[in-house]
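Below are two complexes that have subunit A in common, paired first with subunit B and then with subunit C.
Coming up: the complex of A and B.
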């Protein structure tokens, strides 16, 4: 921790940033554990076809609602589909959509937040008001409206999540960028006549990478939860896609007959989000980003 | 101080105005013609044109916006496209049922999480802290529908204490709904408390490291007195904002939980009106949520000002 450079001096991209990240990882056990859990989930999602020989969407009426056995480790659901196979494949939808949605959201939010901090003045005021107005509409309602209007494709869900979460990211990034903007090297860059975009990319962004990374891990955990809720309500993944939220919705009514069919996706979902939260906690502590103080 | 309050009020009204514009524009942008939707695909063009005229759909958007907002200020949100009843009354009825859940949730979550958060803060890095922090981490890592499902499994199936689903309609009395309120409220409270616990813990740790707490201890005050007289008031302050944010989050959270329990509240209305594309109801719910959000934030800011003398005198804060 003592080796970390906490003063916001311009950090050169490339090998130095990489060693810095590696050092942080080693210094924080929480972050290591969290990222390891997430990595395991990614691996399982990628290697799902090798891990199970069952087809996650193949119905088999003669083997419906079985308990755990040697053939079906986590039993089968009401259509006779292997629960374990569906859980293993289920991470593909959750991770794929969530990672894309979070990347888009954090990228957009970072640009908007930095622009607000750099420009300041009326631009900042107007933007702040608009972001406040968007924030005041519950994200699940915004999501439901966008999805009913445009259909339930993954692209639509990514767009809907960006709309409802960009304001929150922008607000946090703006706060971090405001601390960088008064620095001499930003003034110097302005005096050199550099464009806002190039100041943003070369002077501001390298100095708020830590905040943006923590934001990413934290928003990812929210997005996974939101997408699973959406699937649970029947607006996310279309059946028979294997998805954890959808699985809970499908198997909830049979929970007394085959509890594993509901519990297995719940465990998968919870471990992924715990991993993301641990990563966010660990990184924020190691980098001195006050995650809890920044509004959740 | 008065100018701060006034400025804060003005900004709240401004935010509300902007969000009402956004809500209106978003709903207008939904594809599909409202008149065709009401009459069905087989309607004659004449009938569609007549209905468009009757609903005033041919007038410019800004004119319709002002009509809508003028009605909304008087409590008239138009008529539901599905039931044909007044939107205002319908939303109010469902909202009242949800308020019951919200009230119990906030009571559970705030008291529970403050006690746990302060305990964790006082026993920092010892086993009560580790236990509470782990549980709250898990609490914030599971979605509401999972907590709700597990609660149903425990307290309706294994121990049949509470109903798993509500069989009453939206016009049920408080007495009929009361047995069904506890499980949804508990599910929401668990998720909500997880965030507040973390906040309360951090602020207690900060406050207990402060010089005035050391002074109070040196004066020979008991730990209990130090906590209740010195630590608690200051620790409450930063927690207030998180609580306000969470109350605003509730309106989204109830959507999921109410559907698990089939509870006739605003969340259930939200989902069914989205499915039926009942635009006036969607607009009304979005506007009501915006009002709740803005009011919660306003209350938190003004409350923080009332509790913090430094904010009270400095005047300009954000």
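Coming up: the complex of A and C.
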């Protein structure tokens, strides 16, 4: 037979993946609001030097513990540092370390989770038990142990967070990947004798990106909180670095005198976490709907 | 178009002239769903009537709207869909005007549905008996189970769904449907996915119940054999429109619409000795098979292969050869080990015994331990085109990747070039290469699956039920493509199927498997002309032909037992390589061996 089967399918050539993702995002108000809040935080952190003329770490004893005024909108703390400036700069540490830590965690967790789903057998079993063991340790405890042993510093904190959160990410990703592994295109790749890594990258990962993205947004909010808790306990950022957790710790003794010095970083932290949570929620819903609507 | 109410066809119990009022009446029904801010019509002004005791079949290819129409009888619409015109009346009620409470009473009480996959319709954690009780009605569970011809009903009621076979599950689903003594039965592909023999049993049961209980039935099916066997009237749908409605016998004998003609002509028949070529007008011509060249080398050879899953043996001592340019069909019911055998050849399982060899090397090792040169020689095409392509990668990429991987093409541009050529080779427009699999039809996807398999320049192609999930007309095209390709490329092809009509059309030799054991093998013509083993005969008797006047199924196969013993395994009817595993009849103790 020689007929060329050229009948186009019912669907017109679809928009590119990026456009589609963007359109889905726009369709979810929750995700849009969440991502907008996060974007504002990122912008503020980047543009902090332009937004305030005060130095966040310069002491000025003559202006200590002032209430809000025209000069200092959020007042000053016990060393006379401008609270607003410290809040604006404070996002840099929180965001920088959190984003790095979350990236490392989610990347590692994804690879481990996919590999477990793909390999199966004893590999999956042994890995599962190890992850269970790590999961049973409270994350803040694991964090404190690592930090006490290896000293503070951003690199150590990233490592510590990875240790405590990778098992959780791996669990979720493994679950998502298990739905993809029995598909015939994975079997076809296996029959070609491709390596686990190449199957993971080409066949599995593109089909679970939605899960990974949602996981990223959700873990990011946990990590931000965890890092701030660490700073509050004195194991995170070193004074006088402007950091929200550290600011709350420094100023809680003076909370009755200058409440804004404690409240301002709390508000900043809360909005960032709420923004991340909204983004995570909205993304998961939007992508869930997206798959049905576009029949992918 | 309106279905004429039954004017008493001769084959029907209701006396001629007596034309009862329809119990189901669909009147110019239109259904649409919203997508991207506009209405997409799925059903367009469909009208039909079904009277008490009659069966109407809705026939069409996928996307014809047949299931949508059937579901409206229960007042069900898929999420996002709505009625844009017309009405559905069942037993005097306008289904879509009923309040929720009465609609619930209608479902089950007046109209009941039997779906495609009973295994998924039953709750896995609930005993059969309780599930049937929950379906409502006053008929005792044991009586219902007996009514659907299930053995030992009392014991069965205490079992869980997973302890039942597919056919038994479907019978339980039927029992649930008739529990509340409905007046109308909606059957949505009730036997798709069941083996021929099981299918025959379930269909006979449905027919018997329909007559016993005086049910009106609406049967949705893509299988014209099932329709010819079951329906009084047939309504052919295409893209949501009725193209033809007629009494079954009349439709099959003298189809009016060209689409119906083409549809009917595309169905493979058990007595076709080659593949059918169907013209636009519906003319049918059987293309004779081209004989395998004399002295063609053996491409792949299996000897005494055994595959175990844990302690259970899926394949037990199977031997066969496939020569270049030859199609060998592995036939059998599900669980006969035919797919296991295919996967073992492809290197996805390791055999626990026996030898498998290819011209260039040993096949006993899993794929990732075989040398690349050997791996590319044996390629697999999958049953389900929906899951065989990665939904996030373009189809061009799906073909390009193995080209690069196997080193058939070096460099990006050459791979792209060759991928386009392969896509043309499977009779597709190379412009489709940029599309995602979701943007292709099922048949197009299956062709891409074949193109991907060809990328390694194989000499053995394993086709695992590749046409099962396709519509008949598409199935015919894909089969012809496969037949052309094996000749053009001198491929050895292992064709796995449970559909005997398809096998007869394409295969040069047939191997019949049962419970992992070969019971009969030989040249296709010899096996079909004189099936020697009772199991083969049973398979052939159960196959449904698209002909309402076909012989009714009589299970005259004898009870038999395996009589293979030591080295004395085969009997040879003496027609060119045809051999039958020894068996003995249990009915008459004297009867022995060849029948």
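Assume the second predicted complex is superposed on the first by the 273 of 296 C-alpha atoms of A that agree within 3 Å, B and C clash if a C-alpha of one lies under 4 Å from a C-alpha of the other, contacts with A are read in each partner's own complex, and residues count from 1 in each chain.
Here is the rule we go by: a contact is a pair of C-beta atoms (placed from the backbone, for glycine too) under 8 Å apart; a residue touches a chain by one contact, two chains touch by 3 or more.
Note that the structure is predicted; figures quoted are calculated from it, not measured.
Touch criterion met: A:221 reaches subunit B, while subunit C stays clear of it.
Once the two complexes are laid over each other on the shared chain, residue contacts for A:252 go to subunit B alone; subunit C is not touched.
When the two complexes are overlaid on their common chain A, residue A:203 makes contact with subunit C while staying clear of subunit B.
Contacts of A:23 after superposition: neither subunit B nor subunit C is touched. Applying the stated contact rule after C-alpha superposition, one finds that A:192 touches subunit C and leaves subunit B untouched. When the shared chain is aligned, subunit B comes close enough to touch A:140, but subunit C does not. Put subunit B and subunit C next to each other and count what each touches on subunit A; the higher total goes to B.
By the touch criterion defined above, A:183 reaches subunit C but does not reach subunit B. Shared contact residues of subunit A with subunit B and subunit C: 293, 295-296. By the touch criterion stated above, subunit A contacts subunit B in their complex at residues 129-130, 132-142, 144-145, 148-150, 221, 225, 228-229, 232-233, 245, 248-249, 252, 255-256, 259, 262, 266, 269-270, 273-274, 276-278, 281, 292-293, 295-296.
Residues 1-7, 9-11, 13-14, 17, 183-185, 187-188, 190-195, 202-203, 206-207, 209, 293-296 of subunit A touch subunit C in their complex. Residues 35, 63, 277, 346-348, 367-370, 372, 375-376, 379-380, 382-384, 387-393, 398, 401-402, 405-406, 424, 427-429, 431, 434-436, 438-441, 443-444, 447, 452, 456, 477, 480-481, 484 of subunit C touch subunit A in their complex.
For subunit B in complex with subunit A, the touching residues are 11, 14-16, 18-19, 21-23, 26-27, 29-31, 137-138, 140-146, 149-150, 152-153, 157, 195, 198-199, 202, 238, 241-242, 245, 248-249, 251-252, 255-256, 259-260, 270-271, 274-275, 277, 282, 285-286, 289-290, 293-294.
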